[in-house]
Structures are given as C-alpha cells and as structure tokens.
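Both of the next two complexes hold subunit A, though its partner changes from subunit B to subunit C.
Moving on, here comes the complex of A and B:
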C-alpha cells in the first residue's frame, strides 16, 4: 500500500514540474470544472490525450503508476457494472431514446444508449484520474498551498491542504504498521475468511490506536509551528513560489481561455436551457 | 468559562486547530480508501466517518466540516473514482452537524460525555445523514452534474445507512473512550 502514494516532496526537473504553483493549481481547477461540466465525449477525449501526454512527460515512477492505474481501472469497471445493474435503461434519460438490441430477461435489457452512456462515463472517470495524476506527479504540497493562496484562499486553509497532503503517507504507514501488528496478534484480516460484522469490529481495533497516534502528534506539530511564528501575521509568502517565467505566462493565458469557454458552456448548456441529454454520435432509430 | 454559541460553532482557528483539521482530513482520505468496505457503487461502509466526530468533539463544528470537505477531496484525489463535489459538500454538511458536540455540552477535552449526550448524538447522526445526503447532495448533483437522481438517491440511501451504522456503533464507544482518556488528566481547576 505504501507504494501507492505518488505525492512528491522534492520538486522535479521536467517542464511541468518547473511551472509555478499558482499556474498548476489554476490549470488543475479549470480542468476539473471542464471535465465535470459535461458528458460530451468530444470535449473529454482531447483532455484525456493531453493529460496523458502531460503524465508521460513528467516521467513518474512507472512501477507505482502501474499499480495505482490497475486498481483504478478495476474499480471503475466494477462501478460501471454496478451502474448497469442499478438501472439498465439509464441511457434513455441521457439520449431521449432507447434502442434495445437484446435482453436477458425483462429487467436486464441491452440498450445501445446505456452502453454509450456507460462508455462515456468510463472515459470521463479515467480522464478525471489522468487530470489528478498529472497534478499529483508534478506538484509538491507547498506549491499546492502557494497556488491556492494566490487564488485568495485564507492561508490557514492552505496550511490545512499542504499539511494534510504531507501527512497522508505518514498516516498510511501507521495504518499499515498497526494492521501488521494486529495480524501478528492473531486477528484475521483476510476479507474472504471473515464476515462484514467481524471486519467492522476489526477496523475499530485498527482505528483506535491510529486515531490516538495521529491526534497525539497535533500538539507537537502545533508547538513546532508556533515556535517558528506561524499565524502571527495576516499575510504569508511562500518560499517555493517563484516569479512567472514565459512558460507560466503562456499556460496562465491558455488556462484563462479555457476558463472563459467553460463559464460560457455552463451558462449556455448546463443552466439554460437545462441540460437533459448528452451528445450521441448516431441516431440509432 | 462560558463560550458563545457562535464561537462553539466556528471553533477557534489557532495553530492546534489548523494542525488537527489537516491531520483529520488526511485521516479521512486514508480511511476512505483503505478502512472501508464497498456496499454499493461508489459508496462504502467507511470508518472515515469517525473523523468529524473526533475533530468536532475536540475543536468544534466548522473545523469538522472543513476536515470532512478536504478529506473527501483527498480521498477522491487518491482513489481515482473522479471528483464528486456534491458528495464533498454533503460530507461537509454532515461533518458540521455531527461535529456540533460542544454545542450541546459534550466537552470531550474535559471528559464530559454521558448517556444524555450519547442519545442527542445518535439523533443528530440520523438527522444529519438525512439532511446531508437526502437534501444537500441531490441538490448539488442537479446543480453540478445535471440529473442522474435515481442513482444518487440509491447511493444516498446506502451511504446514510452505513454512515449511521458507523457513527452510532463505533462513534459512541469511541467518544466514551476519548472522554475517559481526557478526564484522567483534568481534575485540576482553573483559578
């Protein structure tokens, strides 16, 4: 599990790494808005390809990426399957029509529109993942906080983000250690051999020490920060935030254009008239 | 020392609070990914729900809400199932309501938590889930993602049930344990 975390503490040296924190955070936020706003494959696919190129150019640790990628693809496929089981005719809502090409029984029918919707949904989820992968592999927690601060977020909230980001690997390591020591004492953790009620009880067994060790640290960290004068002034500057380079300026300009386009799209398509369907390439009727 | 309702709700944003919210959010993110059992699509029986209980009990309602919101964003960032800000907002509302412990007098830091508080906590846990996932999340889903309410309601139902289970079955014993732990060090009175 500890190999699954991609958060880096040390800045890297590729092109995307060298962009300033505020550029990366802006681009990330706008890309999220862009991905969230539509189920239109024509808009989603280019972002998927571009972020894929971004991830490759950032030269991440492929061994880690492969593990996390296989988990993500597995869970998304499982989710898609559950979505189908929950409502096999969900495509009718999105495409305003239903073309049934076969059926198992009266409930499990196979409409083309549902499959199209689930396919677009899968691509959308994977794009979402690529956007966050690109962001996570190129940013450090302090750059993230600096970027948020440049957007006008109060710096105590920025500290929550950077500090939380910083402590995720530590807490995950503690979780793993506690789990191993519980197993050493004979607690059965295998999902196949225990019932759900048993597993809930065992989770509490892991949780109590985890919570106590995590929150015991609070006072120590807070003292350390107070000693360094944290929270005395209203404003704050960030050591990692450098002046904008030419690349930063170009990226910020492109981000602004994308932002204006997204606002226009949300105004025009999502809010009025209310969006009730998605782009379907072929009229199957 | 009587505090006003407003300061109990907002919490005092000093350095320990900032650190505790950060660690709470990180804990929420980790537990959402690893300390949970999938019960329905994108919905888990998760022990992460205990984070707002602790942060709320120790620091107040708004810190619990912030911890829940960023915790959910961290979980989405790590989990790779996409960003669902409707759920993050729902979780923030849930965190706020569940974290109102100091408002009705359950002061964990001074070891105060008895049967009366446990009953109020249980009632609020049920109501908070209904408000957060029955009202706030569907509204946000319509605003942000346009429709798809059948699945959202099914998810809300499953999520509420599993959250209520975790909050009541694990949350109350945990609060008792924490209150007992803090009570040990506090038979001193301020002069």
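Moving on, here comes the complex of A and C:
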C-alpha cells in the first residue's frame, strides 16, 4: 500500500494541520462563498496568495500535487481560451466598455476588457483550486466528519465520509487480487494488446466479485458498529476533535468576520442593486 | 455461591430466511468468572448462540425465538443491543471489518464516541484500554500498517473500557498465524485472570485454545448442546471423533504409541499431564523409529535462482533460490509479509524478478506471458468470492477456456471432465451463489484445473474451515495429486496441513528463504520456528518431556498418520 496519499489519514504536524476539524471546515465553506461571490481581483488575490502560502506550509506530497495542478491549470487555460473563442467581446458586458487594441479579423478582436475579465476569471478558478487543495491537504477524513458534524450535519452522514475513506484501501486490495486472478485465467489487461472496448468489458467482469465481496463485508461492519453502540444516541463526540486552541479561536473569529463581510457583500453588491460591473484598475478610455 | 450470568431455558431459534431452526432446546447456565469454550464444527450453531448472547439476535438477524435467554439479568428478546453491549464485549472473527476507525486511537474510542463521552475523558480511557492489550505505542497507527494480531488487540481494547462483564470471542484464531494465535490465547487468559470477567471463546481449534486452561467446554452439533464437560473429560472421550473436532497432536501420538489416556492424567496440557505411566511405551514407540527416506523426484519443474524483488526501495525478496520437482507437494511457510505471496505472484508472472532467473520446464520464464504461465501454474486464491465472476458453475469453469477461444464442444468436453473430477458435475447448471463456501472453493479449483496446469498453487486453502471441511478439501487435493500427477504448492500457516499433506517445506522470513527441508526437520528447529512465527508443535514438547529428540518422534508420527489415512 502506498504510504502517502494526497489525503492524510494521520494528522500532520504543521500549524494548519493542528487546527481542529470544525475550524477547517468552517473556514473552507466561508472561503468558497467568498471566492464565488465576486469578480473583484482585490478580494480574490489576497485569498490566492494566503492559500498558496497555506498549501506550501502544509508540506504536501509535491509529486502528487504537481500532477493534479498541471491537469487543473491545463483545463482552466482551455476554459479561458474557449471563453474567448465563444465571445471575444465578453468584456463589454462586465466593464460596460470596449477598448480594442488590435484584431485578427472582424470576429477575433482584441479588447483589453475581455483580457482583463479572462485574467480575473483564471485567477478566481485557480484560487478556488488552491482553497480546495489547502483544505484537502490539511484535513483528515475523521476531522472532516467531525467538522461537518459541528455544522449540524447528522452524524450518520458524517460517518459515511470517514468510513468510506477507511475502506478504500481494502477495496483497492480486493480489486488488485481479483485482477490478478482474472489475468491468470486469461483476461488480457495489457493496454497494448487489447482494444478499449474489450478492456471495459473485462473491467465489468472484475466488478462483479468486487461488489459481492464488498457487500459481504458491509454486514460484518454493520454488526461490529451495532455491537459498539453506534446509533444509540442522537449526539456523539469525536476522538479526533480536540478542544479549541488559541489558534483555533483566532481562526474561527476571522472566519466569522469574513462570513459577515461576505453576507454584507452579497446583499449590497450582488442582490441589491444588481450589478454586473467588475472592478478594473485602469480606465482605458 | 456464584451468580448465573447467562441463562438459556428451552431456547429455540429459527432464522427468518430458513425453514429449520438453527438452535434447538438450548438449556445452558454460565456463571460469573468462568472461562468457557464453545466448541463445534461449522454449522453447529455456535456462532448463532454467540449472536443470541450479544444481542445481534434479534437486533440484526430477525427470526423466531422460543424459550428464554437472560444475559446479566436482561431478557434479550426485550433488550436493545445497546444495553447488552454494556454487558457483553464482542470481538468479531474478522478484525479487519470490525476496525472502523482511521487510526488505532479512533477505533478504540468508537464506542465512547457513540456514548457521547467528552473527549478529555475519552483520551485517558483509550490510553488505559490500549495499555491493557499492549497497543499504547500505536495509537496513531493506521489499520493497513497493522498485523492481524494487532488489529485483534485493538478490537479487544475497543470493548473492554465499557467495563463489560462478559467477553465474547468469535473464532479469535481464524485469521492469525500460529504464533499470533498463541499470543492471542495468552492475552485472553491474562484478561480473564486480571479482571474477573467471564470469557466465552467460540472456536473449533481445540488444541490451540487449550494452550491456556479452560474451565468448561460446551460442545455443539446441529444446533444442540451435545456435551457440557471439562476439557480433560472431553479429550479422553470419543466425542471429538464423533463431532468432527480435531484431536490434539500429542494425544494422537500417545494413541499411536498404544497408551490409554484417562481424564485423571490431566491430558488438557501437554506440559503438565502425567506421563509417568506412558513413558516406557513412548520410548519404545520412538525406538521403533526408522528414518523416512527422502522422496526422490527426478524432473525439475521450476528452478528459482537467486531471485530478488522490490516494490519500491525495500526488497521483499532477497536472493531466493529453490527447485520444485514434478509431483511434489510443498508447503510455503512464513509469517505475513515474509514474502510468500510475493513469491507466489512472481511464479504466476504477475510481477517479474528484478534480479535472478526462473526457469519453468527448462523454458525461460521471462519469455512467457502471464497467460502462458497461467496454463502452467494455476493460482487458487484464499477467498473464492474474489475469483468467481460468472452466474452458473459450468460457465465459471469454462471461462478461461472461452477466453482462449476454444470451440464450444471443446469447452463442454473439458468442463464436464473437470466437473466430474471435482464431484460437481451434478451441480453444473446451478448458480454459483447458491452453493456453500466449501463448494465455491471447489469451483475455483475446478476453474483452475480446466486449463490443465502442471502446478497448482493454493493460498491458505484451509483458512477458517473446520476439521471436516479441512479433511474434505485436502483429501480431494491429494486425490488430484495422485490421479493427475499434479505438483501442489500450499501457502499456509497451518502446521497440521504441512505435517499431513506435504513432502517438503520452504520457509520464508523477511524476504529470505531460510529453510528448505522436510517438514519434520523444519518443525524440530526452534530457531526456524521463531523466525517464521510458527508455533512449537505439541509433539515437540512431548518428545522433550520424555527426553528424546523431537525429530524422530515427529517423523514417526507423520509416517503413521499418513499410513492411517490410506
């Protein structure tokens, strides 16, 4: 079994890892709202920088992060490019003006506002990614469950999360075993020798015993949990959820401020009066 | 006067899905601070009895109950499983499935979490419980890093902080290697002595449980209690034979030597039983010993030469060399993680050596594909459910042939031939899901035999099976060996299997092949036994007690057992 997943099972020892689950879950939710609510680079950029620092400080497994990061960056660039192709003058809608500085033909014009909008959009998407990455690399599944529970999510839902992570490696091991036994009986898994359609069919063949073995296990797990009183009370506590430290209190306070600010911003800017303008640093006219 | 803790009165239980009752007229009283073994073959109803005590019946398994069952004064039919869980701590057979936490600490805390205990109190309670079972240094460890024995200890720690009165162990030895099993039995005994608890052990491996004293044995068969006695009385009766429980090896040896053991000799412990009456007979028995001749095999089938392999940086196989000849039966022995399974995967071609060579039937193994190797070496996995993919038995057995693009007539012919050999022909159109575990095992073997391999490799073929099924499977394999001249490799923890059915043992420890010799010599070498996490057999102890060399006695015993089997 691989030693290091992107997700930690065991709590790490950096500052962000040591925050309690509920602090991290709250901050994550509020940050997502904060990022989503605006196209204002003055609000987004600080979050981008801070979460970038956060990710670096959490010392994740860079090899895996790099893979994911390059995929995300690639798709975001593609997204931006397609946005431009779909409507090269999209910036007019957001900035109420259009300053064309060149053109390829009548359709593909180069307005500064469109480039600005696309740039902000890219940063916004990357920030979203950084917020998620920061969250994923610093939280354990159990802390996540505890954090969700602290937000009022029923604990049976939370258990699904942590239990799922618990049995992923077991299922992976079953899968590996079944795959081996199929290969030995003559199912060709080599990508070079079989067509994709064939391989998909063979995947289905593996899934049958995998599902059956997993279902066998579910009954035993359920019994084991019943025997230890799971589901007896409406409330439960979490072993991994430590008492708030000073750092937790400060972070929770900041999260609260950010939350209030976001609510205010959404009320004032997004809802009434509805605005579609975005902030531009320079007036290009 | 001891208080009754568990009381069954005219108790009968039938599962909702079955027409026949599983438990019949159970009348049983177990008192405080007793250590009771509930013994019985598979299907004897012993696990059902356990479920009645811990409340899974009727909470999780519906059915019809007649009569009364009181546990710690609670009538279980009215009680919730939660009330009972305060009285009865259950350690399940499958410690992997019972491990729901993402770390040792979390798993031990699980029942406390459910009780809404404050985290501050939880920390000390978890640490205390972990200390009792000796896992206090592993609180942050993840389940995939633990051995089966360690997981079981965690399961145990997870139920003892409730201050339960009764500890219930459901087949605690099933998934452990011999040395771990021994430790588990010792730990259970320590807990029993220390905490004045009542201990119930559900098992069919009598000799291993008797490693530590037992007050009382309840023998079950077909849903009824057939004996309620002391271990000493049980061992000298013919009950074991009648109900398919394996007799301890040392007692079989004494019988071979012509000794008649009585309950007053204290036969439940090989170290303390009174041997004075038998010493002469035993010595005479050993004097008749003629060393068995090493069987000679001429044709080399597999040559493994100086093979090393690593998944990442650490080598899991280090310079391993051995030969396998056509027609041999070999036990591959060693603790978990010693490299046995890696070696098996390598022989099948799933992984290939980093260094060294393997030749199979004079051919270069590296030139052969997995598919070609699959036709030479059949690999039967431990869990048949991981191998079965088709709905109908016939199709399952023919799958490998179909994948090799044989015609339907050829497939039919080969499949019915194999099904006949495996005694499954009458069931050929049955759905795979309708047959028992042992029959599924047979189907997997048939599916492998359909390719007509020269070697079959069985991973723990007897794990979790009682003596009757064990004998059934192994005599079947023995027959195959004789009729088809198969070469059979067993990967196993089971020393009985190695003793009775194999010619040679290859022992692995830490990725090295530390011994390659006849079984009786391996089992007479204390150093090997320790390094491979095996357990001293009771034959060894018996020989030591009469001051003779264990090698001769073990060899003699094996020879006689095999003759007796024929």
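Just so we're on the same page, the second predicted complex is superposed on the first by the 208 of 285 C-alpha atoms of A that agree within 3 Å, B and C clash if a C-alpha of one lies under 4 Å from a C-alpha of the other, contacts with A are read in each partner's own complex, and residues count from 1 in each chain.
Please note the rule applied: a residue touches a chain if its C-beta (ideal position, glycine included) is under 8 Å from a C-beta of that chain, and two chains touch if they have at least 3 such contacts.
Since this is a predicted model, take the numbers as computed values, not measurements.
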Which partner chains sit in contact with A:183 here, subunit B, subunit C, both or neither? Use first/second/both/neither. second
Between subunit B (first) and subunit C (second), which does A:36 come into contact with in this model arrangement: first, second, both, or neither? first
Would you sort A:165 into first (subunit B), second (subunit C), both or neither based on which partner it touches? both
Per the contact definition in the header, classify A:99: touching subunit B only (first), subunit C only (second), both, or neither. neither
Per the contact definition in the header, classify A:76: touching subunit B only (first), subunit C only (second), both, or neither. first
Figure out whether A:14 sits in contact with subunit B (first) or subunit C (second), or with both, or with neither. neither
Looking at the overlay, does A:244 come into contact with subunit B only (first), subunit C only (second), both, or neither? neither
Touch test for A:252: subunit B only (first), subunit C only (second), both, or neither? neither
Please indicate which partner A:208 is in contact with in the superposed arrangement: first for subunit B, second for subunit C, both, or neither. both
Footprint overlap on subunit A, comparing subunit B with subunit C: 1, 162-163, 165, 170, 206, 208, 212, 217, 221-222, 225-226, 230-231
In the complex, subunit C residues that touch subunit A: 54-56, 59-60, 80-82, 85, 90, 92, 94, 96-103, 105-106, 109-120, 122-123, 126, 140, 142-144, 158-159, 345, 348, 350, 370-371, 373-374, 378-379, 381, 383, 385-389, 399-400, 403-404, 447-448, 451
Which positions of subunit B touch subunit A when the two form their complex? 13-16, 18-23, 25-27, 29-31, 34-35, 37, 40-42, 45, 47, 50, 54, 58, 66-67, 70-71, 74, 76-83, 85, 144-148, 150-151, 154, 165-166, 169-170, 173-174, 177, 181
Show me the residue ranges of subunit A that touch subunit C in the complex, using the header's touch definition. 1, 9-11, 140-142, 162-163, 165-166, 169-170, 174, 177-178, 180-188, 205-206, 208-209, 212-213, 216-217, 220-233, 235-243
Which part of subunit A faces subunit B closely enough to touch in the complex? 1, 4-5, 32, 35-36, 68, 71-72, 75-76, 78-79, 82-83, 86-87, 90, 93, 124-125, 128-129, 132-133, 136, 156-157, 159-165, 167-168, 170-172, 175, 196, 199-200, 203-204, 206-208, 210-212, 214-215, 217-219, 221-222, 225-226, 230-231, 270, 274-276
